[in-house]
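Structures given as structure tokens follow.
Paired with chain B in one complex and with chain C in the other, chain A is shared by the two complexes that follow.
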Partner chain A sequence: MKRLDNKIIFTGPVGAGKTTAIGSISDIPPIKTDAAASDMTLHRKSHTTVALDYGVLNLDGGAKVHLYGTPGQERFDFMWDILSTGGIGLILLLDNSRPNPMKDMQFFMNAFKDFLREAPLVIGVTKTDVKPSPSVKHYAEILARVDQRPPIFEIDGRNREDVKNLVMALLFSIDPGLEG
Partner chain B sequence: MSDPQAPQKTINVLTVGMDSRKQAIFRMAFKMHTLHHYRLLDDQPAGPPHLAIFDFDRPDADAAWQDFRREHPTLPTLIVTVEAPAQPPAPVLLKPIRVETLFPRLRQLLTGGEAAPDAPSQLPRPGQAPAPAVDAPAQPAAETRSAAEARPAPPRPMATGTAWPERIEYFDPRQGLLGALLQARRTRTPCVISLAGSKALIVLPELDRAIALVDEHQLQAACLNDASAVSSQPLTAEDTANAEPINLTALTWQVALWSARGRLIAGFPDQAPIRLRHWPNLTRLAPVRDGIRIAAFWSRAPANLRLTVRMLGLPAEDVFSFLAASYSIGILDSSLLKGTDRTGREPAAAAAVATSMPAQQAGAPTPSAAATERTGFLSRLLRKVAGL
Partner chain C sequence: MREQMLKSILSELNGSSADIEASAVISSDGLTMAALLPQDVDEDRVGAMAAAMLSLGERTARELARGELEQVMVKGENGYILMSHAGKDAVLTVIARKDAKLGLIFLDAKRAAKAIADIL
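Let's look at the complex of A and B:
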């Protein structure tokens, strides 16, 4: 059996609402780790900023579930594997107002494909009020063509109920028989 | 009836046929449980017992049961045993006992809810007549708030082994307001739907929008009456409205829930495999109790209605409502419905779907400690998130 490290990974492009979503359900204010980091060997840049978001859910009995928001920039993809290893599941947030959110979806699903072989995926589409298209139905139909049926919901990361729905869908995707 | 989720006074539990070692196990389980305060009556004999746990694994179990029943003819009782008798006289919980299954059963006993035995047969609890066939209109299984007010209906503790209803109520989705909406969506024809001769809805299927010309209560009232006079005419240039358009899919989902009210779509075979083409956008749709759970189950692998009710331990009415809503917005995988497997066989794929509790009830091997621990952890996480 896959070992679980009590963590849920929030990923998605910059501005999709990862920090906000984590903050909606975390028991602590989300911690943003802005730090200078060098990735000169990769991009010939002297400095850049790594932003890792962190929140936590405290459970009965003292256990914790860690909520990690990955840096959205592709150049930090080396962190994604590290962060996701052993995770309970992946919550992918897509910013519908970006130029090509469908391509974003494909990119992140490909980037996390190894993780997604063992863990469930849930997709939250944000900013549909800014740009309604593509619709959630459109995303779902694209995925269904490759026999993928993850939960896909419109969400507002500021709305706790929306984020709760994402996490509950993640858990029931693991086991619909879970007792609440 | 008390709310099973609400903290209550101390619940005295009488154990029958248990030695101190077995009682210690329950004592530990009760200490770990914080929602209710269960207490072994042997520990502190104060007041009458509220329920009993009867260990049936003894040579003289039948005679002991008779003695027990003479003394406590109506006391809600849970039988615990390694192997259920063919005709268990009370709800059964199979050993090994897990806290995840124990407490839901105890709650069911306390609230008088359905507590079907693990064994194949079902018997009424003491002093309770068999449930009559339902003739009264089904209660709305889903909350009927508007999509705008939608909040996820919290998952209920699972009533595992929920029985298939003896009598099923049906409704015809082709009739009434729902029928008119489905027709408009199918033909993709802009139209005006009237209720009793008064214009009520402008429907714009191509845009997935509708404009309500009456308030929500009038729409709901029309759905409550299967014989409502509903008519539809093509949209004309004279049909205008100032109201804000609403999402047609969300409206259709809501109207389906209002119309179904826990009833099954007429003619829908209870053995037909069901699978969702994709998840409904549940954050923007009227809530259906345990909708996320049902959607997860039907997205994994095809499962018929009977299997769904049994595996998820949900009231059939909730499953029927979710089915009606899913059907109405067109997310059921119709290729399966047109398939050949309507013969009563359970789809193998669905039967293989691993869920935590049903596997236990089916007498499957006890999962590893790691698996049990994992399920327990995820359940705690679910409780936490649902309670946020």
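Let's look at the complex of A and C:
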């Protein structure tokens, strides 16, 4: 692997599991900045990220992947810019149990569109056990219409292997010769 | 009702020193609860920023063994922004002029933060 230090960003709507996913794969105790929720978020969970989550994933061969998670609410969009600076790829987590995950996807892809011009995207769909539709295939079809074909996976953010697969898919799309 | 009470604390704070230009009370997840800010300032964005700063300050203070966070101060060319906890779930943000007497502002902010914490 050429670069020794890589930074990737986890984003997505409130409750998609960004903090959980980083906690699942980080090899250091993750840094979390959560505060008690007082907005609509409260219907879904008690705490919410207000600045960032940070973790590190050590790959075989000594490479380090720095993992940054963003807050989900739009009022924190300034953190999206701050955190994505210098990143090499984006992982978008979508919560299938939200009212309109398809719209969430379009919203975040639009919010990060400048970043995505330079860097690849991988999508992880969470909570498919709570609500199985839309399917991964459906997401892919909608994206194909705008000529986007990012890898899309159904994942459980609590499962280390699931989350690691997302990260590896992202790294492979940057450097296909990579060995995980 | 609560917003009115918070606002009266803020206006007292703003009136306590000519150096204080504006102030706001924000929930620790970044929503403005009461604010006396200039008209051209977006309350939602200021709220989110204050919450993010304070939360990062807290983590940094803990990481570097400085104990519980008391305040975060930002100094720009044109003045200061002071953020401190007002109880567990709220943040008091004070915006002050560049030649402000900081000691007095700290004192006023601390007093206001205590009054806010008592209401919430």
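Everything that follows uses one rule, which is that the second predicted complex is superposed on the first by the 149 of 180 C-alpha atoms of A that agree within 3 Å, B and C clash if a C-alpha of one lies under 4 Å from a C-alpha of the other, contacts with A are read in each partner's own complex, and residues count from 1 in each chain.
Note that in this section contacts are C-beta pairs under 8 Å (C-beta built on N, C-alpha and C of every residue); 3 or more make two chains touch, one makes a residue touch a chain.
Quick caveat: nothing in here was measured; it's all calculated off a predicted structure.
Participant: More residues of chain A are touched by which chain, chain B or chain C?
Facilitator: The partner with more contacted residues on chain A is B.
Participant: Examine A:Asp60 and indicate which partner it touches, taking first as chain B and second as chain C; both and neither are also allowed.
Facilitator: first
Participant: Considering only the touch criterion stated at the top, classify A:Phe172 as touching first (chain B), second (chain C), both, or neither.
Facilitator: So A:Phe172 only meets chain B here.
Participant: Looking at A:Phe78, would you say it contacts chain B, chain C, both, or neither? Reply first, second, both or neither.
Facilitator: After superposition on chain A, A:Phe78 lies in contact with chain C alone.
Participant: Have a look at where A:Ile28 lands relative to chain B and chain C in the superposition and call it first, second, both or neither.
Facilitator: The answer is neither, since A:Ile28 touches no partner chain.
Participant: After the superposition on A, what does A:Val14 contact: first (chain B), second (chain C), both or neither?
Facilitator: So A:Val14 meets neither chain B nor chain C here.
Participant: Shared contact residues on chain A for chain B and chain C?
Facilitator: Touching chain B and chain C on chain A: no residues.
Participant: Help me check something: in the complex, which residues belonging to chain A touch chain C?
Facilitator: 31-39, 41, 48, 50-52, 71, 73, 75-76, 78-79
Participant: For the complex, give me every residue of chain C touching chain A.
Facilitator: 27-31, 44-45, 47-49, 51-53, 55-56, 58-59, 63, 88-89
Participant: Within the complex, which stretch of chain B touches chain A?
Facilitator: Interface residues on chain B, with respect to chain A: 34, 100, 104, 151-152, 154-158, 208, 249, 276-279, 281-284, 292-297, 299-300, 311-313, 353-358, 368, 370-371, 374-375, 377-386, 388.
Participant: If you look only at chain A, which of its residues touch chain B in the complex?
Facilitator: Chain A residues touching chain B: 1, 4, 6, 25, 57-61, 63, 65, 88, 135-137, 140-141, 143-144, 149-155, 160-162, 164-165, 167-169, 171-180.
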